[in-house]
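The following pair of complexes shares a single chain, chain A, combined with chain B in the former and chain C in the latter.
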Partner chain A sequence: MISLLHAFLPLAELAMIQCLLALSQYTVLRAGVFSVATAGYACLGAYSAAVLVTQYGVSPYMGIAAAALVGLIAGIVLSIPLALLRGTFQAIATTAFGEVVCAMALYAEPITQGAMGINGIPKVVGPLGLLVALVLVTILIVTISRSGIGRAFDAIRQDETVAVSLGVNVRKYHAFAFAISGTIGGLAGALLAFNTYSIVPEQFGYIMVVPVLAAVVLGGRVSVAGPIIGATILTILPELARPLAAQRFFLQGGILIFVMVYLPDGIVDTVLNRIKVSRSARHLVLQPQPRSS
Partner chain B sequence: MTHLSLDKIAKRFGGLQAVSELSVDVSSGEIVGLIGPNGAGKTTVVNLITGMLKASSGEISLDGKDITQETAVNVARLGIARTFQNIRLLKHSTVLENVLIGFHRQGRTSMLANMFGLPSVWREQAEFEEKAHSLLKRFHMQRFAQQPAGSLSYGHQRRVEMMRALASSPGVLLLDEPVAGMNDTEAHDLGILFRELANDGLAVLLIEHNMRFVNAISDRLCVLNAGKMIAKGSPNEVMSNPQVIEAYLGPEKYDA
Partner chain C sequence: MLTQQIFDGIVVGGTYALFALGMTLVFGVHHVLNLAHASLFMWGGMAGLYVVTALGLPFPVALLVGALAGGVLGIGLDFVAFRPLRKRTDEFGPLVSSIGANLILLNIAQQLTSAQIMGYPFGTFPAVTFHFLSIRMSLLQLTILAFTAAAVLLMGWYFKTSFGRQMRAVALSETTASLVGINPLGVYLQTFFISGALAGAAGVLVGLAFNSVSFLMGEPILLKAFVVIILGGLGSVRGAIIAGLLLGIIQTLAVSYLSSELSDAVLFTALFIILLVKPTGFFPGMRRDARVVRQ
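Presenting the complex of A and B:
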């Protein structure tokens, strides 16, 4: 039993970090911004926290707060030039942002130790710490999503012209989405650094961008449960499929293709939509027909 | 008392003069019809007023304030609402959610309050939901409240769009072909509703194709042809204007 728990905990920790990153990615997608900057924020957050703690002796908790702040600032700054771009162009620009951040981590050797990465980071965040962070972030996102902000996000995502015609300030809401996404990304990066002893630049490249984006596509972009379920499945699946050895990534790719083709809204949103439609259909039948007008 | 006025508005797209020297105004309590054959520039006028397009020359003013160069968001926030010629709903959201987003302009809670879910936010939300339900009732749409907007029939989708525009409690309502694709009975019912809205103090600018409908409910008409205003006045005056007849039916020699 104990050995099972020992085998399970690191996986759960990884899943929770992936969930946080997926929530960062989800926030921008929900607002209709096709940004893939989450890994970049995580890189900034992880390095800020690690450098502050290992080189300047700052307390880890201050390091985590600083990382979230760095992510917040990065998100806001990034939103200014990106306000002019939409869709694929945002994806290209934010991909470039991620590459630039990784390159900085690689080449600013005096601060970041370059390709060697930063080692000997104190492990101060365990499963409980991650769980607390995930719960707090989830509560924040659920609150935002159920408030007027969530409604504005939904309007902008579905039809920006309509949103504008109703007085929704798209630039302001996009900047807000970037800021929240950056904060969560920076926070997740710091938690990752304090959970895994060491960080290296390349772990924040495509190897992080792709699974995080895939988690939201798999789970769903509208409901908050979507990214959480998507990230959990994508973290646990390769472990369950270990007997398939090197072929297990084919399984993962296959599932993604299947979901994109047959469940384009993602697993959670598809299920919720089905429930909504069947409920409203029942509602229509049960209510008396008003006199036709 | 709201007063929207267009003074010698013109819009060029490269070499094409889409609208030239158009002057029209509409005040609280009246319905002004803007009619004209296809391609006359009617929708361009709506886009100019709402700030989606910028006028090449001329001035648009709302209650005496120049809004010609305002952004589309600010124009909407000043209380000019519109519907779209090709219905634009949030298809995946429910009818109720579509109406609720209309209240955005009236939101008084800050973004930070929304972010942390302060009680004022939920109070405001409850108030908007209540108002949304009374709008649904007014348009006989309560039973569709939880339906995805995209699943409704054409006529019902038009109603959702109007409710959404009204939810922002605008001073001016621009209706871009609101009865297109509806039969005469449906159009008549909506006409009564538009008149009620005008009587409640709304300034209504009605862009229409359906002449019978426009004549029946407009106080004044303005006729556009190829971007130029060719006639203006009461429905009866306009309908007997030879230029209008020519624009719609062709020159007289073909009639004989």
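Presenting the complex of A and C:
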């Protein structure tokens, strides 16, 4: 039993970090922004936390808070120019942002140790800490998505012109989405750094963007459960079927194509939509209720 | 020294232009940013290497086979990743499924090559150098330039033919094009074949120029191609060529006068700024709206 737990815990830690990153990616996609800047926020968060703790002796918890703050600022700053762009152009611009962040982490060697990466970061975040962070972030996002902000996000994603005509301030809500995404991304980066002892610039490049995007696409872009379930499946599936572990890319790629072609809303949203449709159909046929919640 | 750097930059830029040309062509006709273009490039390079090392055939055959492999894979890509999504209007779907196709092609190459970096055997290409106006140029560099120029001229001619007109008509509106008797299916197959063939040929040339072929060779050039197609205007063929050459020169100068890490940072910051100032690029092409249309 204990050995099973030992084998399971690192995987659970990885899955929870992926969930946090996926939630960061989910927030922007839900608001209709095609940003892939999550890896860039994570890089900023991880490096600022790691540098503060290893070189300036700041307490790790302050480091995590600082990382979230750095992510927040990065998100807000990024949202100002990106308000001008849409669709594919947003994706390219945020890819460029991620590449600039990675290149700077490589270049600023006196601070970030360049390609060597930062090693010997104290491991202060265990599975419990990650779980607490994930639960808190999930509660935050659920609260936001049930408020007016969440409805505004949905309206903008479905049809921006209609949203504008209804008086939704698109620029403001896009800035909100970037800020939330940046905060969660920075937080996830810091937790990753405090969980894995060492960070290198390369791990925050394209190689982090794709699985995070895949998780949100697989799970769904509307309900909060979508990214969490997507990230969990994508992390655990290759480990459950050990022969598949070497084919991780193949599996991710196949899932991306399959989901895009057959389940464009993702697993969770497709299921929820089915339930919603069948429920309303039952109401219509059997007992028309005066007021349905 | 400076002229030598600029010449080297033009050669590098020629390969960027070849690569970005296919990408911008597909974007112009399909309005799809094909991220799997990087793996067509890589598979072209692999096929060329296989022809030279395993079959022992001369280099021109390798170039031809590389282009053919890229083209056929490009058509396959269209069938698997893009065709099922064509009826939907959002650009999220095709982009994501092209990322998926890229991962699959990458994984297959990784398994086949055991993730090794391979090189061409010595003497595949004659190591002849010429000196002209104090510029040192190898035969390989001249071949790359000549091939790029030939491909560009061929494309220019092709665009003027009936097929080219059909292509531009479908790019404007698929429905209207089919009303006047154009078969969009044929146009899609042609664009994907040409795009893949250009990528495959670029893969063979780059693989030989750096004498290194690996499953990861596509990603750096894909990121460079983003800069090229944005600078040149998404969908603009002329823009891709000019921007590709320009980027090659800028990059070579930046690497030699700054540092290689900083050159990447400079490049992508420039991309970011271009996107903000002029997202449609500096050359008119078969483009669409990048900015918000409403006021």
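Heads up, the rule we're going with is that the second predicted complex is superposed on the first by the 279 of 293 C-alpha atoms of A that agree within 3 Å, B and C clash if a C-alpha of one lies under 4 Å from a C-alpha of the other, contacts with A are read in each partner's own complex, and residues count from 1 in each chain.
The definition used in the following text is that contacts are C-beta pairs under 8 Å (C-beta built on N, C-alpha and C of every residue); 3 or more make two chains touch, one makes a residue touch a chain.
What you are looking at is a predicted structure, and each value in this text was computed from that prediction instead of being measured.
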| task | Could you tell me whether chain B and chain C fit or clash when both sit on chain A in the superposition? | result | fit
| task | Give one of first, second, both or neither to describe whether A:176 is in contact with chain B, with chain C, with both, or with none. | result | first
| Touching partner for A:147 - first (chain B), second (chain C), both, neither | first
| message | After the superposition on A, what does A:107 contact: first (chain B), second (chain C), both or neither? | response | second
| task | Give the angle at the C-alpha centre of chain A formed by the C-alpha centres of chain B and chain C in the superposed arrangement, rounded to the nearest 10 degrees. | result | 90
| message | Is A:84 touching anything from chain B or chain C once the two structures are fitted on A? First, second, both or neither. | response | second
| In the superposed arrangement, which partner chain does A:168 touch: chain B (first), chain C (second), both, or neither? | first
| remark: Minimum Cα separation between chain B and chain C after superposition, in Å, equals 5
| query | Which parts of chain A are in contact with chain B and also with chain C? | reply | 161, 164
| task | Sort out for me which residues of chain B touch chain A in the complex. | result | 50, 52, 72-73, 76-77, 81-82, 84, 88-94, 97, 100-102, 104-105, 107, 109, 111, 114-117, 121, 124-125, 140, 142-144, 146-148, 151, 164, 168, 189
| request: Give every residue of chain A touching chain B within the complex, in rising order. | output: 140, 143-144, 146-149, 151-152, 154-155, 158-159, 161-170, 172, 176, 222, 273, 276-277, 279-280, 283-284, 287, 289-290, 293
| field | Residues on chain C engaged by chain A in the complex (per definition of touch) | value | 33, 80-81, 84-85, 88, 91-97, 99-104, 106-108, 110-111, 219, 223, 226, 230, 234, 259, 261-262, 264-265, 268-269, 271-272, 275-276, 279, 289-292, 294
| Any idea which chain A residues touch chain C in the complex? | 34, 81, 84-89, 91-93, 95-97, 99-100, 103-104, 106-107, 114, 160-161, 164, 206, 210, 213-214, 217, 246-250, 252-257, 260-261, 264
